[in-house]
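Before we start, here is the structure in question, set down as structure tokens.
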Amino acid sequence: MSDSLRGLFEAVRDGRLDPVEAERRARETLQADPCENLEFARVDHHRAARQGFPEVIYGQGKTPAQVAAIAQAIVNRGHSLLITRTDTAAFESVAKLVPDARFHEQARIIERRTEIPRGRGVVLVAAAGTSDIPTAEEAAISAEVMGNDVDRLYDVGVAGLHRLLAERERIAAARVLIVVAGMEGALPSVIGGLVRSPVIAVPTSVGYGSSFGGMTALLAMLNSCASGVAVVNIDNGFGAAAVASAINHLE
Amino acid sequence: MSDSLRGLFEAVRDGRLDPVEAERRARETLQADPCENLEFARVDHHRAARQGFPEVIYGQGKTPAQVAAIAQAIVNRGHSLLITRTDTAAFESVAKLVPDARFHEQARIIERRTEIPRGRGVVLVAAAGTSDIPTAEEAAISAEVMGNDVDRLYDVGVAGLHRLLAERERIAAARVLIVVAGMEGALPSVIGGLVRSPVIAVPTSVGYGSSFGGMTALLAMLNSCASGVAVVNIDNGFGAAAVASAINHLE
Amino acid sequence: MSDSLRGLFEAVRDGRLDPVEAERRARETLQADPCENLEFARVDHHRAARQGFPEVIYGQGKTPAQVAAIAQAIVNRGHSLLITRTDTAAFESVAKLVPDARFHEQARIIERRTEIPRGRGVVLVAAAGTSDIPTAEEAAISAEVMGNDVDRLYDVGVAGLHRLLAERERIAAARVLIVVAGMEGALPSVIGGLVRSPVIAVPTSVGYGSSFGGMTALLAMLNSCASGVAVVNIDNGFGAAAVASAINHLE
Amino acid sequence: MSDSLRGLFEAVRDGRLDPVEAERRARETLQADPCENLEFARVDHHRAARQGFPEVIYGQGKTPAQVAAIAQAIVNRGHSLLITRTDTAAFESVAKLVPDARFHEQARIIERRTEIPRGRGVVLVAAAGTSDIPTAEEAAISAEVMGNDVDRLYDVGVAGLHRLLAERERIAAARVLIVVAGMEGALPSVIGGLVRSPVIAVPTSVGYGSSFGGMTALLAMLNSCASGVAVVNIDNGFGAAAVASAINHLE
Amino acid sequence: MSDSLRGLFEAVRDGRLDPVEAERRARETLQADPCENLEFARVDHHRAARQGFPEVIYGQGKTPAQVAAIAQAIVNRGHSLLITRTDTAAFESVAKLVPDARFHEQARIIERRTEIPRGRGVVLVAAAGTSDIPTAEEAAISAEVMGNDVDRLYDVGVAGLHRLLAERERIAAARVLIVVAGMEGALPSVIGGLVRSPVIAVPTSVGYGSSFGGMTALLAMLNSCASGVAVVNIDNGFGAAAVASAINHLE
Amino acid sequence: MSDSLRGLFEAVRDGRLDPVEAERRARETLQADPCENLEFARVDHHRAARQGFPEVIYGQGKTPAQVAAIAQAIVNRGHSLLITRTDTAAFESVAKLVPDARFHEQARIIERRTEIPRGRGVVLVAAAGTSDIPTAEEAAISAEVMGNDVDRLYDVGVAGLHRLLAERERIAAARVLIVVAGMEGALPSVIGGLVRSPVIAVPTSVGYGSSFGGMTALLAMLNSCASGVAVVNIDNGFGAAAVASAINHLE
Amino acid sequence: MSDSLRGLFEAVRDGRLDPVEAERRARETLQADPCENLEFARVDHHRAARQGFPEVIYGQGKTPAQVAAIAQAIVNRGHSLLITRTDTAAFESVAKLVPDARFHEQARIIERRTEIPRGRGVVLVAAAGTSDIPTAEEAAISAEVMGNDVDRLYDVGVAGLHRLLAERERIAAARVLIVVAGMEGALPSVIGGLVRSPVIAVPTSVGYGSSFGGMTALLAMLNSCASGVAVVNIDNGFGAAAVASAINHLE
Amino acid sequence: MSDSLRGLFEAVRDGRLDPVEAERRARETLQADPCENLEFARVDHHRAARQGFPEVIYGQGKTPAQVAAIAQAIVNRGHSLLITRTDTAAFESVAKLVPDARFHEQARIIERRTEIPRGRGVVLVAAAGTSDIPTAEEAAISAEVMGNDVDRLYDVGVAGLHRLLAERERIAAARVLIVVAGMEGALPSVIGGLVRSPVIAVPTSVGYGSSFGGMTALLAMLNSCASGVAVVNIDNGFGAAAVASAINHLE
């Protein structure tokens, strides 16, 4: 942008452009909308440049046709495709326009990978119980699509500490950790006390009664007595992956 | 009661009592109020017989004069005295009527012990952090007054697991465990996974922000993935002691 | 573990083992994972030894295939099988691998019993209303599978006290009591005032409107004015049984 | 009002009044404000006629001067004075203007009684614990000021049922019952199951931790399994008295 | 009961009965369970005598077979039948055993009326909006089955005050008022300010978003600035009818 | 109304009417119910005169037959028809009685427009994300039916500010703004800081986990640090349109 | 800004400026910060131009010295001063720097007025009860400082409808209405049903128990069945005034 | 630890140690408690090695004497001292034992720095408003004590976007960002959309009414539509600093 603004000034200096037209073009440049407007959505094609990964499609609340149209717009620009919280119906629509897209049913993800910069270390995804795996997979696959090596460590809940302690080395080896747990959400506190790497905690809606759809795990994680823990929304595996990937891509 | 009812029937049979008067006395016996009515309080002197420990005075919301009057009524019967959630002002009133009562300021307890049946094993009281000690002490002292041997294990929160694991033997040796924690309330889950004895979890109001005065720790404990854990109200050290003592006094 | 560590030292002393290999084996021993890793689950075969009852399968959020695989791993070790919060679909999968498993539809339990140590007394399961029976049955059957004699006392809610008072003797005879109630959750307070045995209160989601899925009953039980009451999660019949069984198995 | 409207028509018919002026007066009559406007308050002097008891002053959030001015306006009309949620400072201001007003400190009430119609039966006020007495007294004194005979029955909580059952006759004798309880709020359910008279339940803020300032008792009462129970706001002794008095004054 | 107790004493006096047997029979009498035990339910046949109306069946959470069995037990005693929160499936089961039972689909009630004492005045049931009618009908039909004359006044919400004010006379004529409203739940405050009769407010779950399933209306009603208002649970038309009927049957 | 009251007085003066009959008619006039009573609904035909737009039908909780009957009553008076929160079933019933009614499925609106006064400026409807469009369309169509020009600006969420800033001119041109957002609900704060026109914020239930069905967006909007923002209920596009239209119709 | 950008181009065209320097200046212009940076605050002096009223100081959480420094910065520019949620200590600091500032203790406002454009109509501020007056005054004074004529209508709560209906004309005369109420928050619904002007509802924290610090009133207002009502935060009189003033200043 | 274990084996091999003693020492080594037990606290001196920064003292709920004793134990080992949520009283106690400790009143921090490894980039701390500065300073000072360069950017709330956009370069230059905001908590979403570095969001308790002590800001941040945002507890500036420092110290 800097160059073209300077270019305008140079063109004016050289008499190739008059100031009024130059001003009009300067304004146009400065306001240029990098978004492709699909009426119901403005696809933000500058996001990869600005934030390190292209726009991700949040599938919930969008019709299959809307999802597919946005997906196509993204793929057309040669960007990586990542659709979260989606389903079979959306995949059928997407597959017609993006035939090589893949659907991960458990993780509710549709994706199509392109070459992107690799993160520097390993992102470990730990899950407390078997029922937490769908959210853990959302995190793991998202992190992979974003260019990270992922190590999965599942069913290591705190009521059986030896399962966790037996994997201390893998835990210590990670550059970033995503820790997924429902119910009382204690796993991030225990892991947070073992490592010096940052821990991204993901509460899940696994549980019943006073687990309140994951609220209990969320609150527990926010109140962790371990100090290197930050938290994302309930069941938000993707969000954790986005933070972890941002960290893992730091030079 | 059974004897006197039979006694009445025998008196009637023997002509010592007429049926109308006998009925009146039978009703009286059956309705006899074991409570001493102080107007503002009905002191339940049968509770020791019925429940294994005399009535305990909940100090909050009572005037010093009310607390002292109930305390005197209990001591007059020769029962153990235990006043919880109390303060210096109440102690001053109590001390005038019950000179050998003791005040534990941190635990907010006034007590005077008498001989009562001893529990069979040790009640371990574990606390996650230094700030949880007042509630832990409420539990520990209450349990002692109720006739239990108490082992205290403080500042063993889950973010530094080694502190806890180093004490595994004391933990395993307890017949019942009271586990006190604020913030994310994870300690009962970890301890619950290590032992076969019952665990009574006590959430505390230690924390800030989204700890919501102990609600977070309470919810976490209710959703513990360890299966032998039951929970009492926030900061309710006494309640935990009452349950633990009931368990510890089982033959 | 102690013996084999000593054994290693003896082998080294005797020249049968060199120190480097000995160290490797010592580490291996100390880290030995008693868990069978099924990828999506780590079956904890030491739990029976450590906690008095084998690992229990929480059925919710697991696929029928996952439930069946874990069930088979448990049965293969000769352990008792207990699956909670499960359904017909899971039972069909389990039955193929564990033909003599039984399904209790109302209690949502699949189980297969083996010889285990018997509890010393009776676990009484009281339920306030007919609608609370499914949770009460989850508690009762779980307690039975865990080796306890169970006495069931249903539809004895506090709005008709005579129903409860008529059963005072059965109530007094129990070594531990599980008290199940929805709506205002008052039954544990009333029963708690009648007995000296510990009471495990189970709130249920029975009710509507401001019962908030059992939250009201849960809060009421946590605030019980009876002092020997501890509480588990909403509808958590199994959890109550686990605590009650731990108590009932105390020497 | 009917008479004067007809009077206007008759005056017009008789030529004593012209229609335009008659219309003006008719409008005035119909809109006549029975309120005395004190700028910061509009004292509703018709309330006694409309609702059976004069306007009651809610003391909280009003300055002593405001309370006193409204009190004087009410007393000037010869009405009964009832000020709730008030304090010593307000009483000092009121006493200057209404010298024979009385202050009940525990109940936080200032009152001055006048002759008013008597209720037909007895209003029983039951309180679960000693700490509930301030709210119970707010109810009892309010009911007395409103012309009702009141029977007080305090410290009869459900954890000691015999205390309650010993008073069955007084309970059965009441025409309306106000039942006051904090903590788990179970007393209205138990009393509601014993009587056929209507029960007005008053939750109190007595308790701590998960009693949430009376929310738990409130919810419990709303979910009572006894069917003749209605509920008022937390600590709202006055509100309960108002409903009970309305019932007790029914022919 | 008094007579037979006296009868026992007379029999003993007369030598017709020995004291030991007399005591046994006295205990039996005093403990006699007026409940019919159906295993899953204890039908309380004394409730009509004790509380003025027979046991009412809460349909939710019971199987059609359970509902029908309890219904039959009640009808067999000649009592009025009232089943709330029920459905077509239950009605089909009931109809086989109680052929003349009637089903009110909108109100979700099954009922069969018998002669019972009539209330003294009219119970007015007001509903704020058309969507509140199912709950209002639950109240109205319940009140009718309980022996009350009912006046229905629907769609008189506060945003169109003239609709309400036009019916002032019917409102003033009622002995008790049941006021049903969802959303902001303001109707009981407005009606409560117009009458001297007691008002039973019923919040409904009508609304969306921050109406939180009726919580908003419930809270609003509990905080009514009109003083003669008491509240029942969300959508609890039956509960309101029970209170209103108790009031309307007062001499 | 004024005229006819005067007319009555003039008729009395002129001897055409006697005072008793005049009084009766005066009362009738004053109480005249402008509502058409359909039993289950009182259609308020004066609302257009009183509030600037005819009664709007809230479709939820009403049967198709009820919706259609009310719709017909409104159309019969020549009023504009607007039905919100409705569905295909209701539309089928309405279409039989009002053949030229239109159904907007995404916005869940049935409408039929008549000539009504036009608002003075443009109502801008901004939506943060594609998933918020149904609520935004409810607002936009409602505003159009109420006589406003509407400008739609969708998918301009705060995480991609350039999308919003690129449309600054359209934002500045609006006389009133309706800003629709789910999740963290930040858009109204950002837009509110850019304009001097009033902003009506509409939280939506778009989100998951701790979005709590729109509660988070609602709370965020209520706590906006931008000062010209007012808020309506979650998903209440119609309500926002009603406020915006009232503002836009101000002279 | 447009002119100077063009000016730069013209200077380049005329050879008075070289392109590199021109670009630097263009960037500087485009990024020019209209804020005065006080380290702890950036005073936004463009706000009057952008939003129609200068920056308002939110006093809570700021030290008296901070408040005074910001106040001085605003007054130095000749802008109107408005400080909300402030106190005597802050006023003492402000008065030293801005001697003619005025303090309204009840409303917790410090202000100093300058000439600003007048709103077109009257802003009516209605308050339900005497205790709501502080918030109402915050609204009224804020609206006055912002250039509006204000009509105050206090103590017109819905439990005494005649007080409100007697003032119908003043209500109908307002261009915008601010309606302030605590407890059940019903007043905006009733007023909203009477007028066609927009209604800004302000819930207050007046109440106790389940009023939850104003949450009940807030929720009630958000769920108003009257359609022209929008809501601001609890006790946010200033916010209501800002919205009302924005509306009242619309041409 | 590895070396000494091998050392033991070598000593056994060499006959310098017998196996029984060797086993005892091996166990001792493996269980060695790196904690210094102060009775009320176990100071974890290994934390610096394990987690990259020594144990931090959470001041709230500890007595000044406890704080000072723990502080001395930490300083005695030569570790950096960081005490959060502390006050003047604690500082006075600490200063006697650690004379060169510094107290930051606004941030409520006591600290004494030692040489520790420096983070690689800049940690930017942004605060939305002046009232958020205490929490922002807790974060900033904590981060500095942990060895990070900190850039402070205060009073850049979203209602005045230009203040934020003017600082885009500083924002883009940070390696990690801590974003502090109360009220609607929107700032992390806006900043999160501008950068590729990870954002740690800190909600504050700044606000009133429905800000619910920071709950609203917390929920908003958890539901951020910007994808690289993770959240810590309300007012937890230290926690954010700990996560940010862990990230900033990654190679």
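Odds and ends about this structure:
When the chains are written out, they are named A, B, C, D, E, F, G and H in that same order, and each has its own residue count from 1.
Keep in mind that, in the parts below, a residue touches a chain if its C-beta (ideal position, glycine included) is under 8 Å from a C-beta of that chain, and two chains touch if they have at least 3 such contacts.
Just so it is clear, the model here is predicted, and its values are computed rather than measured.
Contact with both subunit B and subunit C is made by A, D, E, H.
Path length between subunit B and subunit G in the chain contact graph, taken as the least number of steps between touching chains: 2. The most distant chain from subunit G is C, comparing centres defined as mean Cα coordinates. When every chain is reduced to the mean of its CA atoms, the largest separation from subunit D belongs to A.
For A-G, the matching interface among the pairs B-D, B-E or B-C, defined by over half of the contact pairs being the same residue numbers, is B-E. Two chain pairs, E-G and D-E, are weighed by contacting C-beta pairs, with E-G ahead.
Rounded to whole angstrom units, the spacing between the C-alpha centres of subunit D and subunit H is 54. Work out the mean CA point of subunit D and of subunit F, and you get 39 Å between them.
The set of subunit G residues that touch two or more partner chains comprises 129, 160, 165, 193-194, 209-211, 215, 218, 222-223, 227, 233.
Those chain pairs judged to touch are A-B, A-C, A-F, A-G, A-H, B-C, B-D, B-E, B-H, C-D, C-E, C-H, D-E, D-F, D-G, E-F, E-G, F-G, F-H, G-H. Of all residues in subunit E, those touching subunit F in their complex are 129-133, 154-156, 160, 162-163, 165-166, 206, 208-211.
Those residues of subunit B that touch subunit C in the complex are listed here as 50-52, 56, 120-121, 175, 193-198, 200, 218, 222-223, 227-233, 238-240, 242-243, 246-247, 249-251. Taken in their complex, subunit B has these residues touching subunit A: 128-129, 157-161, 165, 183-186, 189-190, 192-194, 207, 209-212, 215-217, 219-227. Contacts from subunit B toward subunit E in the complex involve residues 2, 5-6, 9-10, 12-13, 15, 18-20, 22-23, 26-27, 30. For subunit G in complex with subunit H, the residues that touch the partner chain are 31-35, 39-42, 44, 46-47, 58, 60-62, 66, 70, 85, 203, 205, 213-215, 218, 233-236.
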